[in-house]
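Okay, got some structures for you below.
One chain, chain A, appears in both complexes that follow, with chain B as partner in the first and chain C in the second.
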Partner chain A sequence: MKKYWLLMIFILFLTGCYDRIELEQQAYVIIIGVDKTDREGIYEYTFQIANPEVGTSANGGSSEPATEIVSVEGGDILSATNTANAFVAKRMTLDHTKAIVASEELARSDDFMRVIQVATRSPQLRRTIQLIVSKERASEFVNNFEPLIEKRPHKFYQFLLQSGQEIGFVPDATLHRFFQITEGDADLFLGIYTTTILEEVKKNHDGVEDDYIAGEVPQQGGTSTQFMGSAVFKEGKMIDTLTGEETRITYMLDPTVDMENIMATIKDPLDPNFLISYQYRQKKKPKISVDYHPDKPTKINVDVYFVLEVVAIPSLIPYPSDTEKAEKLQQAVIDTLTEKTDELIKKSQTEYESDPFYWSLYVRSAFKDIPEYEKADWHKKIYPNAEIDVHFHVQALEFGKTIKDFDLRNVRD
Partner chain B sequence: MQNNGFLKTREIFAIALIFVSLKATDSTPTLIAQKTQNATWMVPIISFLLILPSFLLMIYLLKKYNDKNLVELFEAVTGKWIGKLLGLVIFLFCMSALMFESRNYIDQIKVLYFHNSPMEIMFFLFIGVVFFGAKKGIEVIGFTAWISFPIIQFTAILVIVLISGEVIIQRAFPIFGSGLEQVLTQGYSKAAIFGELFVLLIAYNATKESRMFRKGLLLAAFVGLIEIVVFYFVYITVFDYNSIQKAAFPFHDITQFISFGNFFTNIETVFMIFWLFAAFLKFIILIYFTAWIFGTIFNLKSFEPILLPISLLTILGGILPFNSGLTELVYHERLLAWLSLFFIAFPIVLWLIAWKKGELKA
Partner chain C sequence: MRFFQNKKPTKKEKEDQKLPIHPTLTENIDKMKQLFSYDINKDFSMRTLTIQQDQKKGCLFYYGSIVDGAMINEHIIKPLFENKGDSIKNIVTIENVEETTEFKTVIQNINSGKAMLFVDGEGIAYAMDVAKFEHRNVAKSENESVIKGPQDAFTESLNVNLSLIRKQLHSKHLINEGIQIGEKSVSEVNILYVKDLVNDDILNNIKERINDINADTVRNLEVLEQYLEERPYSLIPTMLYTEKPDRAASYLEDGFIVLLMDSSSACLIVPVTFWSFFHSPEDRYLRFLYGNASRIIRLCCFFLTSLVSATFVAITNFHSEMIPPDLLLAITASRERVPFPLIIEILLMELAFEIIREAGLRIPNPLGPTIGIVGALILGQAAVEANIISPIIVIVVALSGLSSFALSEVNINFTVRLMRFIFIIAGGFFGMLGLTGAFLLFFMYTASVRSFGVPFFSPMSPHFISSNDTIFRSTIQKEKYRPDYIKPKDIQKKG
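The block that comes next holds the complex of A and B.
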């Protein structure tokens, strides 16, 4: 009798094998590209699959390439993975997908929401997936992937996006945020803007390092994949692009996103021939207070606190030791920031009629329930007419690890 | 019944806490969010406040009628047949909770972790484990609940800590969600989510002293409420009011979302293990207490043999409805609404009868 029991127990354990799939049987899709086709409801999906063997020490000698790229047509992402299995030997798995890349053409069309909605239904596609819009066709973007040093695609994209987000060139564009903002029916969502097609250097550019969108950054060498700036989505549809600089401003004003150091330059206030580089750091989240009035313009007051660390003063003017000059510099930074912020806010109020800063959150407490809040209409009524004041406050002014720059006159004596 | 007076406050506390607070991780929040949107976190508070007086009244009655458990109390107060009938209602509540909720848990496991495994097999496995657990008797259950208490609570806190970066407090506003009226009616009609507390009263005499039982149960009720409210609050502040209505399994959506730094991503399986462990315990407790209630109603000397038929009935009932979303949204919703009134009203009626009969004077 005991023997039979033992047998029964083994059968019990074997049921765990229903969903058994070995690591080597799975193809991990890292990037999914989505393009429009001529037919309605059918899209072209491009999957970039990582080769997990590459980059591991255990199998160092493998001569297989780091990545395989396939394109198929299909109605939605999941069925397309099935179709792709007709010629991909391993089973396609989306558990480790890092990003969905949509072509700008698709993002600007009404179909975009249809394509993306599948992501909420399947547990495979995670909410941490980044949403990327490529200027060219997504299949072209994915196929142009040719990294030189970091050949593993999952690491390549992870590192490139991460560094871009830390310095603020590209927005934090998780699917989670996309759904929150789009379903919330207020505010603008910012997707990551990218391209692999590099353009001629933008004319009449004032030399500031971040006033670009993807494709415009003048570069020599390296890969042609550029992440820069953001694609503006309103109600699930792309309407415009923001430059890297404008994207940074949205980071400064939006308390729901985290920002590390931002490196930026301004013209030297005392010697306009030179630039001054500084690090901008927010220790404190910006303070936003919304004063809602049903019949007159709503007042939005934003206080941004930051630490200003000057890192390079090519003009060699002794700002650190001269309080008066330091104050001038501080004021110059504040003025520049305020000017650029006001420009962006004005653009968003008139052109977009909504904000990329997720400020609708702060008007909510003025209402007692959702029907009332939805009736007040952030998109159409509240934001476009609001009076917005943004104040930048310098919490501390630092000059790095040098107290004094060398005196050019003494050096060239 | 293996009962040597081993159970103390802490075991009862652990049993009741796992039993109640697991509600935070199933589809109940989504069910409530359909009507109340981002005020979902208030609903359990209102439900609790509504049901607390009745519950305290019940405990008071049990204290007055020494040495009786829930069903025996019914019989003592209302007479044999009406008492048995009331007991039967509680039994049916347990049975339906077993069927609906086990189906819900199986769905969660299937959709999120085992796509290819047939549901029937998973049902048999799940309830099979639960059956063998329940067979061990109340003292083993109590002890298991107590030793697993720290690790389960620890993982729950870890989830909250890891997700806290995504919490945006402002999403709790507008404070009354879809309207104060909605919140209040939902609070009333979902009061039955705390109805499971009444089920636990069947074990009134299982502890060394009944004082320990009362203490453990009440403490667990309050801690459980706090846990439920914290989790619901996290759900609405992470998902916002439109998305929470769509997420069928918000707990798992959250565990899929979090990561431990950049290197440890996709860590949901860690949480799934402890969640599954808690789920096993919950169903062990539920199935054991259901059998206990049944045994008391029909004056069975030993009720443990009927654990098997109850387990099989659970599987049969759980497999029946084809569309899980429908089960959850339609049947369970209606059931909760009907039972809420019952749980709020019957202790008051019982108390009135006992008071009229003059049995409360001593």
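The block that comes next holds the complex of A and C.
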């Protein structure tokens, strides 16, 4: 009996540690780029691997580059990692991948779903991976990674994406959300739009700070990687891009995503030569009520509550002390927001025939079961014909630290 | 094969001991000389004298090394020469005089430091208590130090220890019962309890177990502990060993039983639960919030010391996706040039830490500083610089080692230190799965342990009425009940 026990224990130990792997035997892929190739069903995968020795106190690695970028062709991501191991010394691991970058060319093709579906199967790829669409080829985008300060790639992407999402320039585009929306067969998924190829400065603007898509932001110095705006996916296929401003509006109207605060400007309602900057904070989730009618247009009523903090009044008009003027300002902000929102909603109803706000969640409760809901067809019937009312409500109007501005006449006497 | 044969006292020896005391003095003197090997035993003393009262011959026997010579002079010999009285008891000025008629008791009495007086023509011997065993003075508690609270500790003297306890607990119900154990060298175990609180079943159980001990000698409490416990192979201790009289008193107040022996500078408290090992007496002396804060830290230490190295091994070897990327890259970078697998690294360092601790404990005091230098320099810095150990391992092992000191109770300290190695190996074989399994098994086993019939995690599980002094304690006003798991005669403390 004792012998059998011993045998059992040895078997136990033999089965253990079969998937044990030391940390230093693995290569951590931070970014995966995916491109089309000439051949059907074969894609080019670009892996950016972090060099652990850069940026740590461990000596010896300082002269090495911060990343190693390799490209291989393959059928899917996982088999491509194996192929790459022919010339990458350590075993490729996707556990810590931050983002998948697809070229716009691939994203707009029907093949995109084929490439991305592997992520649902492999436990290696996290559902929190961000989905990024690059204007140029993904391999080019990854190879153009040349940060000046944040040399370590995972830090660079993490910080850039995080700050972009906090201020609303880029959407929260996790793989999880992609599959959720795509499989739900309603709504639009917004991917992060990016490029490293900067264009000539567009002379459009009335000075508005967020009406760009990636590549258009006029910049001097810094890295050339720009994250701005979003790539609109309908049914797993990219159809259009949204600017940073439009992306912010989707944040305002979508209760499933969080946004910290937005700095924005409007024209001074009393002196159009100047701009007024304000901070938009949404403390409460927007309230969405959907009134579904099978035969006549569905009514969607959206109430958005926000705190308005005016931070700069270059015209020196005394808004804080004058209630009437303050009300005018408040109304001007609401009007601007409503106008821009209506524009986006109209575009989505006519052009996209679906919404980027995830509103289909609120109509689902009107149906008995899924087949009935699918029959009602959000994409084709409900949303494009819906009557949508968006109301902005100011919860509080604040004027920052000072109540009274200085009087320019007194200063310059 | 005589070598292995059990050497029982010969028949003659036994008969000698049972022999009654002879009326004539010379017979008795011869007998005593023979019993105690007077001619070769240097410190066995006898003194013949003539008693003033009736001019009878008398003879005094004692061990010179364990009696108070001045006292014999002052209170026995001098009175016998000078005083008059109707009996010996009324002549000598000794507190405690007993009479005996058997050599067996004579032997016992002399061994425990009494002087025996034989008087010619009387078939009895007088046992007079003049014992003076050498012992340390009461000193500051060194192994269980507290900042706030009494500082005194038990010393190797039963009377001193009793006095320290009685000083804390003034009660006529506090009983000190003695049970003699040992065949060849008879020593006494003193059982202390509060008569109107203690549970008689537990008390009788302990007495029975002490009586059942079948050994030539039980020198001290530390040995007694091992004779009494139920599971000698278990990792879990079932008796609390403490050197603080205030702690003993607080347990007595709750109806627990305290064992004392003359030769030990500590006491044993039974029955115990996990919480007895986890608590420190200072928890109760500190104010409610402060005491509980130190308990939280100690709880963290308990988990840290037993699990941190094992968790580190499990996560880095099997679940690298759980580590935040920065930390992951930092660990990876530090391991690039280390030749060993991570688990070997951890085991090496843990072993090194145990070596430092063991060597530091055994090293003679004047050599003490060497341990610090060798330990810190060689095992810390040099090993890292030589790329044998990665710096993060040093942090992890130092953390787990340091935490183990927070559980200062010597038994539980060994428990967690040894369990740590089992956990590390479990974590190294199956990752978190193995670690969880090992911890669960350990936890289940611990919950099944009983100390003198009391479940180890009571009163938390199974639940009993008590003042809920488990992980946290409540304010002193709310502690109304004595722990019900030892079934005290009076459960209500106050209110």
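By our rule, the second predicted complex is superposed on the first by the 393 of 413 C-alpha atoms of A that agree within 3 Å, B and C clash if a C-alpha of one lies under 4 Å from a C-alpha of the other, contacts with A are read in each partner's own complex, and residues count from 1 in each chain.
We take it that a residue touches a chain if its C-beta (ideal position, glycine included) is under 8 Å from a C-beta of that chain, and two chains touch if they have at least 3 such contacts.
The model shown is predicted, which means the values in this text are computed figures rather than measured ones.
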Which superposed partner A:372 touches (first chain B, second chain C, both, neither): first
Touched partner set for A:19, first chain B, second chain C, both or neither: both
First (chain B), second (chain C), both or neither touched by A:362: first
Which of chain B and chain C A:128 touches, first, second, both or neither: first
Touched partner set for A:179, first chain B, second chain C, both or neither: first
Chain B versus chain C as contact partner of A:152, first or second or both or neither: second
Touched partner set for A:74, first chain B, second chain C, both or neither: neither
Touched partner set for A:96, first chain B, second chain C, both or neither: both
Residues of chain A contacting chain B in one complex and chain C in the other: 12, 19, 95-96, 126, 158
Chain C to chain A touching residues, read off their complex: 316-318, 320-321, 325-326, 328-338, 341-342, 428-431, 434
Chain A to chain B touching residues, read off their complex: 12, 15, 18-19, 95-96, 120, 123, 126-128, 158, 162, 176, 179-180, 183-185, 256, 258, 361-362, 364-365, 367-373
Residue ranges of chain A in contact with chain C within the complex: 12-13, 16-17, 19-24, 26, 28, 30, 50, 52-53, 55-56, 58, 60-61, 93, 95-96, 124, 126, 152, 154-155, 158
Complex contacts: residues of chain B adjacent to chain A: 37-38, 111-118, 121-122, 125, 128, 165-166, 168, 170-171, 173-180, 239-243, 246-247, 252-253, 256-257, 259, 262, 265-266
